[in-house]
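Structure, as structure tokens:
As written, the chains take the letters A, B, C, D and E, and residue 1 is the first residue of each chain.
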Amino acid sequence: MKRLFTVSAKHGQPPGTMVYTGQRTDEPTRITLIDYGPDAVVEKSDARLGDYAPCRESGTVSWINIDGLNDTAVMESVGNLFGIHPLVLEDILHTTQRPKLEDHADYLFLVVRMLYVPAGSSEVQSEQLSFILAKNCLVTFQERAGDVFDGVRDRIRNNHGRVRKMGADYLLYALMDAIIDNYFAIMETIGEKIEAIEQSMLENPDAVLLNQLYRMKRELLYIRKSTWPLREAVGGLERGESALLGKKTAPFLRDLYDHTIQVIDTVETFRDMLGGVQELYLSSMGQKTNQVMQVLTIIATIFIPLTFVAGIYGMNFEYMPELQWKYSYAAFWALILLLTLGMVVFFRRRKWF
Amino acid sequence: MKRLFTVSAKHGQPPGTMVYTGQRTDEPTRITLIDYGPDAVVEKSDARLGDYAPCRESGTVSWINIDGLNDTAVMESVGNLFGIHPLVLEDILHTTQRPKLEDHADYLFLVVRMLYVPAGSSEVQSEQLSFILAKNCLVTFQERAGDVFDGVRDRIRNNHGRVRKMGADYLLYALMDAIIDNYFAIMETIGEKIEAIEQSMLENPDAVLLNQLYRMKRELLYIRKSTWPLREAVGGLERGESALLGKKTAPFLRDLYDHTIQVIDTVETFRDMLGGVQELYLSSMGQKTNQVMQVLTIIATIFIPLTFVAGIYGMNFEYMPELQWKYSYAAFWALILLLTLGMVVFFRRRKWF
Amino acid sequence: MKRLFTVSAKHGQPPGTMVYTGQRTDEPTRITLIDYGPDAVVEKSDARLGDYAPCRESGTVSWINIDGLNDTAVMESVGNLFGIHPLVLEDILHTTQRPKLEDHADYLFLVVRMLYVPAGSSEVQSEQLSFILAKNCLVTFQERAGDVFDGVRDRIRNNHGRVRKMGADYLLYALMDAIIDNYFAIMETIGEKIEAIEQSMLENPDAVLLNQLYRMKRELLYIRKSTWPLREAVGGLERGESALLGKKTAPFLRDLYDHTIQVIDTVETFRDMLGGVQELYLSSMGQKTNQVMQVLTIIATIFIPLTFVAGIYGMNFEYMPELQWKYSYAAFWALILLLTLGMVVFFRRRKWF
Amino acid sequence: MKRLFTVSAKHGQPPGTMVYTGQRTDEPTRITLIDYGPDAVVEKSDARLGDYAPCRESGTVSWINIDGLNDTAVMESVGNLFGIHPLVLEDILHTTQRPKLEDHADYLFLVVRMLYVPAGSSEVQSEQLSFILAKNCLVTFQERAGDVFDGVRDRIRNNHGRVRKMGADYLLYALMDAIIDNYFAIMETIGEKIEAIEQSMLENPDAVLLNQLYRMKRELLYIRKSTWPLREAVGGLERGESALLGKKTAPFLRDLYDHTIQVIDTVETFRDMLGGVQELYLSSMGQKTNQVMQVLTIIATIFIPLTFVAGIYGMNFEYMPELQWKYSYAAFWALILLLTLGMVVFFRRRKWF
Amino acid sequence: MKRLFTVSAKHGQPPGTMVYTGQRTDEPTRITLIDYGPDAVVEKSDARLGDYAPCRESGTVSWINIDGLNDTAVMESVGNLFGIHPLVLEDILHTTQRPKLEDHADYLFLVVRMLYVPAGSSEVQSEQLSFILAKNCLVTFQERAGDVFDGVRDRIRNNHGRVRKMGADYLLYALMDAIIDNYFAIMETIGEKIEAIEQSMLENPDAVLLNQLYRMKRELLYIRKSTWPLREAVGGLERGESALLGKKTAPFLRDLYDHTIQVIDTVETFRDMLGGVQELYLSSMGQKTNQVMQVLTIIATIFIPLTFVAGIYGMNFEYMPELQWKYSYAAFWALILLLTLGMVVFFRRRKWF
């Protein structure tokens, strides 16, 4: 089972130390550059930072995407290019950050977590994604290759939608929107699993489901850790106090905030549902124990006294007057019937069956 | 069982894409127009948007109601007529929004959920209802035909109450009031069900009720998802910061807000009640198990030793002096009585019966 | 059991419709007028509103009390006399309001709930009480005759305390104080019941108490619904932003607010106590089940093997060497003793008795 | 068990009625006066209020302590001397107030609860303590003789610490500090009891502890009622908005506030601990029931079939071929062994022992 | 088990009394001085306060570390040197403070708790750490020798990182950062233990784990007491309202605050996880009881009636017609088989196996 805590371990190192602390230490660092304006797109799929000309001054928007965070040299040049504070670089490399937004006048720093389900697994994993939004530029840092941005890339290439007509702030929005959309997709999968568990539980509360229930709760705990602080971070974007966030992008950011709230709402609803399912399970369990107990008690309470009576007349005392009496056996059966009837009446009154 | 999560799935589509994502994809789009002032009412039951002349400048109030959200062309013309932001149109079409209020200077955008119980079902369903309030105009978007507004329509036609004398903001209030009133009606049905469950539980805690209890909790979870955000949205109306909300309508909006709070209060009280019923159920269950256990234990504890004694004298050893003794059988019965009495005293002291 | 939800049902009626929706539809409407100043008291016990001269301009304070809310005509004349908004009148008649305070410049509108225990019942009931505080005037609306204000009336008649020397705002305070005092009295009764349950639970956790516990929790839920919103309403009075609330009355309103907080505190403490009692009950139940199980297990575990041994020697095989052996029976008893002793040692080690 | 609710019962009396409503109605009223400055101390142990000269104008600090609240005349003269509002006097006499601070311009009114453990009891009791802080004067009202202020008195007499050099506000602080210190002392006792319960629970979860646990929770509920509102009251002192609270005393009041928070923290931690102990208890109980059940089931499941087999060969049918067969008895034992072994394997697989 | 409450006991002593109240009363007081600037470091490992020249006016930063708080004389000279308020000195010596930040114009006073795991123990302990930040100076007070600051010392000595170039406020940050980093390290250990428990629980819910679970929860309660107030204290630093906190240090303090939030987040996640594990445990326990009950009931319900039948034919009545009938025994077996089959069908229908 994946770890829920993952605390960054950088004991004894001075603050601002640039060492990647995540798990993807063998991932090669690859830089991709997409430079676009309303009229043209230039794409360099294996770019170097040197290719990144002083485009901050040009009118086009540059999206620099960096996959793999092992190459400290690359990180340092990015830092120099944009004048990024060492602590921000450290946060990018220590990939256990809570989602947050920091406004450093010249640039905005946004950290979020991107969820994904690795092939061959059914467990949701997450990866830290950092954004540096500067004038006309957006730099994205990913721990590994592979993301949820292909839709946005297509839209840029094909001039679909309004992305080419807007600035770097809109690009940030579009990418965040893709991430949140992906949250919804993952939510949908989880929702289906929960409803499947719920259905099974209602039909036949069974033992196998208990672990599933637990794992699902843990899954939600995991997602919740990523989504709750997101509210604050995206809320910061929505308030849009930075000059880097244009007025035209504002309604989109508000929409993004609404979606974030909706994701959190859904996580909480799921938790409530799982809580309800668990309560149902416990109640059903208790009920079943009760029924089992009742059957046992009815059987035992009826037969134990009868067996005792039979035992009595199985005794070998020489002087047992009943044994010689001709109608004893018939009388015995009468007694048995009477006792049984009495028990049945007793249980009926107590509404046991 | 209906889904609780329903997340909008629009993966990979650019923001502002206008495609209806709800379940009513076969619903035809029908536009109804009611144009009224203090003196006259004009009603077009199968109107087109072209019929909608520049009434914004006239002194009358126009209520354009659109049932069915499949016709993207219609949506686009509405958008053009009122200068509605594409994201707002998207929100209208993606019918899984949280209730919310957005102030876009020229118009107010309000999304709420209307509850209804489909014929032949006992489960509450909900439908997204969107309002665009512009100057002298109110546009309402419904997923399907059929709503709770017939009372309002009658009042407009018959000039009953004050609706004809007031503006479009009052119309918005009147419709919202009808929706909230409908919440109360549904609350009443649920309340009756809960009290029926409660009554049964107090009289005879039974197995069948457990699922009912669970379904009722789920129902409330569903309603709660629609009502909690309503507080914020209606609260926004009540504060009335928009110029579109006249001063004369303010006390009505305050009243609406009070009713919304009352609905939320009732949902919470219902949840508390269900929680109490469930606790009662669990306690009763535990108590019943206890009683069953006691009966079993009393019977078993009394008869098991007796059966053992009977078993002893059923043994076939050749040398068992007691068997030949003449008063053995009488002594056996004396022993049995003594043992039984001892047990009874023991249980009495432990207050088991 | 009384209903906890009581939602107002006024489906399809326009807002501001004046129809009484409570249960007391057969209550005759009776108006009582007390007009007093420092020097004189005039009391009309079966007054009409016509008797209510333009006393607003006189220096005396008029207290108009209306019992029974069925006579719409009376309500309308009151509305006209004081220029009351139709929605306020509707709130007065729809007697399922949450306690609240509304400041309508010319008058204050305050709704609270008055608790009472009907004769021959032990269940707390509540009745809506509405106040209209205008200049020199206080109008009170009650669903039924009979209230907790006799003390205040006596003080006015006998010029006891300071009520005659103060204005209408002090009268409002004095009446509210009587209502809150009555809350305390009802709290005291409930507190005694809870402590009685607690005492019984500690002495002998029993089945009969479970329903009592549940009813008490429900009772508190009911009172809580009336008291929580009271905090806000009385808090509004305490802040005293209206010109109708004089400076001299301010310390009294602060005192009233303190008392309200104390009532809410007490309700919460009672809920905590009931929660504690229920936990104690469940724990005791579990403990008792445990003890019962242990007794059963000890008895069964000792005697079942013994009975088996006895059963063996009750078999009728022709070739059973033990049966003929002379000391078999003695040996049998030795075996029995040994087995029993072994069991006892086993249970002692497990600390079962 | 002491009452947790204690609501003031003053039904029908006008507000501001001065009658002591506590339990100490036979306590004689005794006034003690300590008048001190940097250079001198005057102490009158059985003073009258007449002795209280116009010391408000002198430079010395006067501490008037009143034990016993039955003498209404004394209360009235105090009220006159300091111009105290009748409602404040009523609050002093109605000894069920929540801790609170009221700023009446000329004087501060502070109510707190002093905890004490009566001799011969282990239950914490509380007593209302009221302070009137006026210029150069502090009046304290206690329900009964005996308090936690002896340390402060000694420091005043012996000019120990800085109390003699400071004003009446510091005296208020010093007394409050003594009260809070006493809370800590009582906390320590409770903490020791809780840890004793915890230790016993871990070593041997037993029945006797259940009631202790419950009483401890109730005790904390009681203390909590006194401490939570204290936060607000002492917080009001700390903010020090009154002119009666000098600047030099401010850091001391901040310290006092820190201690109050620490007391509340400790109460909450204790509640968490008790909650944990109770959960542990319930889990242990469930575990024990489980073990008992397993033993019972193993024994019963092994021996019940064996007894049945023995029962068969105890039957008296004339034609039972096995009975005559020479090796039957040996075969019987073989069967028994086989069955037992089978059962043991079955239970081992289920990991029951 | 370590104490969770530890309340300071200073009954009867005047406020500001300087006596160490912690457990390390035999720790010798040792002063260490590190004086550094961009160019030089002077270190005195067994310094006296007299060595501390008027360095406040020099441009260098002085870090005075005091281990052991028994020497009241030392504390007093520190107090005089920096003009520290007696209550602050008292707080330093009474080592049960909640973490807090106090701004005394001339100096900042910060109290935190440093966690450590003593050698040979697995229980987390904590020690109070007090900081006095004055101009160019930082004084740290520790209860015992040994801390988590060796990394910072090395960086100062070797001019590694930026510590030598920054002021005393950065030193405060660096030390706090080391403390928070240490929290993470301890969190990691705890997280590993929790996941080990979780794993065991999922594989084989066992009895031994219950106490471990309880101890872990208690451990988290302990850490939580140290971390929650830390949020407020570090948040105070982050807001940086004091002139002693330079602008250049601000981003570092923001980072520190982020880390603090992350620690608190982790503690809460751990508590949620433990809660989940406990629920899983209880559910598993209930399930196991259920299974055990079912096995018992099946065995008992099948064999008890059979044994009764066998008992009947073991009776010694003289007139039992079945006994002589030749096919009785075969018929008996047929009956037995029939009964068994019936039972099996019955249980199958109830889905018991």
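Definition applied: a contact is a pair of C-beta atoms (placed from the backbone, for glycine too) under 8 Å apart; a residue touches a chain by one contact, two chains touch by 3 or more.
Just so you know, these numbers come straight off a predicted model, no measurement behind them.
Any chain that touches chain C and also touches chain D would be listed here, but there is none.
In terms of the stated touch criterion, chain D and chain E have no partners in common. Each step here moves to a touching chain, and the least such steps from chain C to chain E number 2. The distance from the centre of chain A to the centre of chain E, each centre being the mean of the chain's C-alpha atoms, comes to 26 Å. Between the Cα centres of chain A and chain C there is a gap of 41 Å. Across the assembly, chain B contributes residues 286, 289, 291, 293, 296, 300, 304, 307, 311, 314-316, 320 that each touch 2 or more other chains.
Chain contacts in this assembly form a single closed ring in which each chain touches exactly two others.
Residues of chain C that touch chain D in their complex: 150-151, 155, 160-163, 173-174, 177, 181-182, 184-185, 187-188, 191, 195, 198-199, 202, 251-252, 254-255, 258, 261-262, 265-266, 269-270, 272-273, 276, 279-280, 283-284, 286-287, 289-291, 293-294, 296-297, 300-301, 304-305, 307-308, 311-312, 314-321, 350-352.
The part of chain D that touches chain C in the complex is made up of residues 1, 3-5, 7-17, 85, 87, 90-91, 96-98, 100, 102, 104, 204, 207, 210-211, 214, 217-218, 221, 225, 278, 281-282, 285-286, 288-289, 291-293, 295-296, 299-300, 303-304, 306-307, 310-311, 313-316, 320, 322-324, 326-329, 332.
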